[in-house]
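Everything below concerns the one structure shown next.
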Amino acid sequence: MTSLIEYVRLPTAIALIALLTNATFAADSGGLKSAPESGITDTAIKIGWMGDESGPAASIELPDIHGLQAYADFVNSKGGILGRQIQIVDLDDKSRPDNATVNFRRLVNDEHVLAIADMAGSQISTPLGPAIVAAKMPVIFPQQTTDAQLQTPYIFNLTAHYADQADVIVATLARMIGGADKLNLMVVRLSVPSGDEFDAYAQRSVKAQGGHYASAVTVGYTQEDYAPTVVQIKQAMASGANAIAFHGTIRNALGLFNALSKAGVSVPIAGIQSLAAPDIFKNGPADILAKFEAVQSALPPSANVPGAKDMQTYIQSHPQYANEGGEPYFSQGWLSGWVLMDALQRVATQNGGTVSRDSVYQALSSKFDTGGLTCPLDFTGPMHYTPCVTAMVWDGKGLVSKAGFAADSATLQRKYGLK
Amino acid sequence: MSVFLPLLTSGIALGSVYAAIALGFVLVFKSSGILNFAQGDFVMIAIYLAILCFVTLRLPAVIAILFVFAAMGALGLLVHYLVAKPLIGKPFFSLVLATIGVGLILHAVVIGFFGVYEQRPLALFTPGVFHIGDAAISYSDVTIVIITFAVVGAFAAIFRWSSIGLRMRAVAENLEAAVIVGIDTDRVFAITWIVGLIVSAIGGILYANFTSSIDLSISDIGLAAIPAAIIGGMTSIPGAVIGGLLLGLIEQIASGYLGAQWRDLFSFGSLFIVLMIRPQGLFGRAEIVRV
Amino acid sequence: MSEATRVWMAGVRKRTVPALILALVAIGFPFVVSSGILQWTTFPMSGLFTAVNLALTACVGAAAFNLLVGYAGQLSMAHAAMLMVGTMAAGWMSSRWGLNFFAIVPLVGVTGAIIGAIVALPALRLRGMYLLLATLAFHYIMATIYRWFLPTFFGFVGIVFPPPEIKWGGIAIVLDSDQSWYWVLLVFAVLSLWIMARYVGTFEGRALAAIDARDKGAALLGVNVARSKLIVFTVSSAFVAMSGAVSGYFLGARVEDSFPVSVVLDYAVMIVVGGFSSLTGGVIGAFFFYVTPLVIEWLMRTLPGLSSIALLKHHINEIDLGLFGFLIVIILVRRPDGLAGLLRAGRVS
C-alpha cells in the first residue's frame, strides 16, 4: 500500500542525488569535459580491447590484455586520470572473424570506447579495415602488422612488419655466423600463406644483405613429431646451409628444438616475434637455446629501463602476474594504455577540456618516448609503423635485447629514411 | 639410411601414440556405434588430470595413475548415463554432436582450472637417447612403444577371453540377439565407455611424454587418430593398432621426404583411398557399407 | 460457421499468424535498433544487429546442410570445403573478371553445384559413417588447395571483397553497414529458403526421405537413388557455396585460416540444436548459434545476483563455452528433434 507521498519522494531523491553527484564530479574532472560518444563519461574513460582470450591464440594474447588491465589498475589505484577511472572493455573473439566483427560493432556502437587496443590476427584486422576507417576508431598496437594495416590510417602499429622482422633476423644470423657474406640461409616456416610471405621477405633480406638463400623447410601447425623436419634440415646443411630463420609457433619451436638437440644438430636460429617467448627459453634444450634469438618490438617488464619501473612495481604487488614479468607482450598491452592516455592528456589541456575521439586520434599521430621499452615512437607520418625490432635472448628473468634497439633498428631506419 | 632410419623409428613411436588413441576410439565405436568426435577432448582432460597428479600434487606414480584411471572411468560412466544412453536409437548425427557438446564442456573445464598457457610435457620415462647408426632414439620413445603393445595385448586378451569381453563382443556383433540372450546391455555399454576412456587416458599420458609442449590444442590428436582407426578398420581392435602404426609411418616418411605441408594430405588422402577401395579397412569385416 | 470452416480458419491462423509476426519482427528490427528504444536494457543492440546479419548468411548454409544431412541422411563434413569453394570462386570472379556482387552470387551457386556434383560421384557408393569420413577427408584436401590458392592469386593480403554497389537509375547504394546489408541478406535468406523448400516439396524432395530411410527400399519404390543423391548434393553445395561468398563480402575479406574443420562442427551444432530435417531448424540453429553467446554474457552482466560474483567475471569466457556445450547436450538429450521440434509440438497442441 504505497501512498502518494512515497511516489513523490523517490523521484525527488533520485533527482537530488543526481544533481549532487554531477556537481561533485564536475568539480573533480580535471577540467576534462565528458564526451560519452567518445568513451569519456563523467566517471570513466573507456578503452576497448579485442582479441583471443580462450581460443587457439589465447596463450600469446592474454599477456597483452593483462598488461592493459594492469596499466588501468595501476593508474586507477593512484586516483585515476583526469578525474576518472580507466575502464577496460575486453571482448573475446576466440580468433574467429565473425565473432570479431560482432565485437567490433559492440565496442564502437554499443560501448562507445575511446579507442581499441590489440585486434590480433590478420584474419580479423584485414576485413575490419574499412569499418575502422568509417568509424574513425583508433586501433592501438595489434599483435601483427600487415600491409593492409599500414594502409589504414587509424591503426597504430608497434609490432614490426614481417619484412622488417626478416631484415633484423637476417642481420642477427649474419652477426652469429660472422658476416653476411658467409650466410647461407634456410627458412623453416609454417605451411600457411603467412609462411610464404615470411619466406619471400627472408629471401629478399638475405640477398640485400649480401648473403645466400639455401632452401625452405615446412612445419605444420599441429605437427607432433619433428624428426622429418630435422631430416630435411640436415640435408640442407649437408648442402651448405648454415643458419635458420624460423617462422612458427611456440609449440613448433619447442618440438623442433628438442628434436634438434636429440639429433645433436647445432645451428644458429633466429625467430619471428611470436617466438620471443619466455616459455621457449624456460623449457627448451640449453644447447639449442645457446644459439637462438628471437626478435621483438618491446622489452618485457623485467627490462632495466626507466619505462619498465611502474610495471615492475605493479607486478611485485600483484603476484598473479609474476609469470609474465619476462613477457614482451605484457609491455605491449601496458603501453597501449599508456600511449593512449598520454595522447589524451596532451589534448585535454588544450581546447578548454573539450576532446573527442578525433582530437585524440590527432594526438596519437605524434611522437612518444616510452622510456626505453621501445625505440622512440614516431607516428607523424602517413603510415603508422614502428621500426623498433631487436633480437632478444633470455637472462633468467626476462627477455633482453642483445644489441639494443639502436643497433638493430639501424637497418630499418636507413630503409625508411628516418633520423 | 641416415634419412630413413630416424623417420622409421619416430614413425613407430608416433604410430604407437596414434594406436593407443585410436584404440579408445574403436572400443567406443565397436560397442555403442558412436563416432566419438570428442575423443581428443577426452585425451586432453586425461593429460591435464595427469599433470595435476604427477606434477602439481606430486603423487606417487601408482597412486597418480590409479587416480587418473578412476577419474576417467567416472567420466565414462557419466557420459554413458547422461548422454549416450538417452540418445540410443536417435539419429547418428545427434550422437556425434552430443559428444562434441561434451567436448566443449571439457574445454571449458580445462581453461577454468588450468588456464590457456603452455604446460611442460610429462617426463615420466627415462631420459636420454641411444644411437643406432646415425639415428638417435630416445628411451622415452621406446618405452612408449612397449607400453602401447603391452596395453593393447592386455586389452585384446581381456576382450577375447574374459566373460565381460565376450559380452562386449556379443553386444557389438548383434545388439538384439544379445538382449534376447539376456545380456545386460546397459551395463556393457557403461563398461565400454569406462574402458574406452581409460584406454584413451593411457594414450594421452603416453602422448604427454612424447610431445614437447602441452596446451588446449592437444585435443587435435583426436582428429588425427581417426584416419588410423579407419585404415585399420573401425570394427577391429588389432586393426586400430596396425592402422595407428601405419599412419604414423606414412606421415613421418611423407613429411620427411616431401615436406610437412603434405602431412594432412597424406593422412587424409590415405583415409580417402581406403574408403574408396576397401571401406572396412585392412582388418575390418566387410559389412554393408556400400549401396 | 461449419466445423470444417472453423478447422480451416484455425489452420490458417496457425500458419499465417506466426508468419505475419515473423515478418513484422524482421521488418521492424532494424528500425528498433537504430531508434535506440531498447538502449535502457544495456543489451548490445549494434552487436546484436551484426550477429543477426551473420545469422542470416549462416542460415542459408545451415538449411542447405540440413537438406543434405537431415532430409537426405547424407552425413557430410564437406561443408567448410564448400564455403572455401564459394570464397575462392567469388574472389576470382571479383578480382579477375571484375563482376558485380549480384552477378557473382548466382555464378558461385553454379560453381558450387558443379563441384558438389563432382564430389558426390564417389560419395554415391558410400553410406553413413563412411560417407562422413570420406567427406572429412575431402575437407582436408580442399583446405590444402585453399592454402595454395590464396597466396598464389591474391598475394599476402588475402582476398579483399569490395563493398557491393547497387546502381539503379540515378541512385547508388553501397552495402557498407549493417543497416544496408540487412535488407540484402534478408532477401537472400528468404529467397534461398523458399527455393529449398520448393525443392523439398517436389517428388525429388520426397524421394530424399525415402533414401534416408532405406537406400534399398527406395530403389524398390522406383526412386533412382544415385540420381537423387547427386541432385541433393548439387543443390546443397550450390547454396553453401553462395552463403560462403555472401559472408565473404559481408565480412570484407578472407585470409588464411578462415575455415578450420571446427566450422563444420559449428554448422552441425546449428542443425542439430535447431532441428534435424527441417529447414526451419537450420534457421533457428543459426540464430541460436550467433545470438546466444550475446544473451548469456548480457545475463551474466546484468542479473543482479550474478553480476557481482567476481569468480564469474574472471571466468566468463570458459563459462560461456561450457554453457554452450551444456545447452547442446541438454537440447539433444531432451529434445533430439531440436528447438524446431518444440515449435512443432507447440503448434500441434
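Order of writing sets the chain letters: A, B and C. Residues in each chain are counted from 1.
Heads up, the rule we're going with is that a residue touches a chain if its C-beta (ideal position, glycine included) is under 8 Å from a C-beta of that chain, and two chains touch if they have at least 3 such contacts.
None of the values given here were measured: they were computed from a predicted structure.
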item	value
Chain separated most widely from chain A, comparing mean CA positions	B
Which of B-C and A-C has more C-beta pairs touching across its chains	B-C
Separation of mean Cα positions, chain B and chain A [Å, integer]	38
Whole-Å gap between the CA centroids of chain B and chain C	33
Separation of mean Cα positions, chain C and chain A [Å, integer]	35
Per-residue multi-chain contacts in chain C, two or more chains	317-318, 320-321
Junction residues of chain A, two or more chains touched	53-54, 191
Chain B: positions in contact with at least two other chains	111, 261, 264
Contacting residues of chain B [partner chain A, same complex]	2-3, 6-7, 9-11, 13-14, 17, 111, 116-118, 120, 129, 136, 138, 207, 210-213, 215-217, 220-221, 224, 252-253, 255-256, 259-261, 263-264
Chain C contact footprint on chain B (complex, rising order)	35, 37, 82-83, 86-87, 90-94, 96-98, 100-105, 107-109, 111-112, 223, 226-227, 230, 234, 261, 264-265, 267-269, 271-272, 275-276, 279, 288-291
Chain A - residues contacting chain C, complex	53-54, 92, 97-99, 101-103, 105-106, 108-111, 122-123, 126-131, 134, 146-148, 191-194, 196-197, 200
Chain A residues within the chain B interface of the complex	53-54, 56, 58-59, 62, 191, 217-220, 222-232, 234-235, 250-251, 254-255, 257-258, 262-264, 279, 283, 323
Contacting residues of chain C [partner chain A, same complex]	44-47, 49-51, 54, 147, 150-151, 156-158, 160, 163, 176-178, 247, 251-258, 290, 293-294, 317-318, 320-321
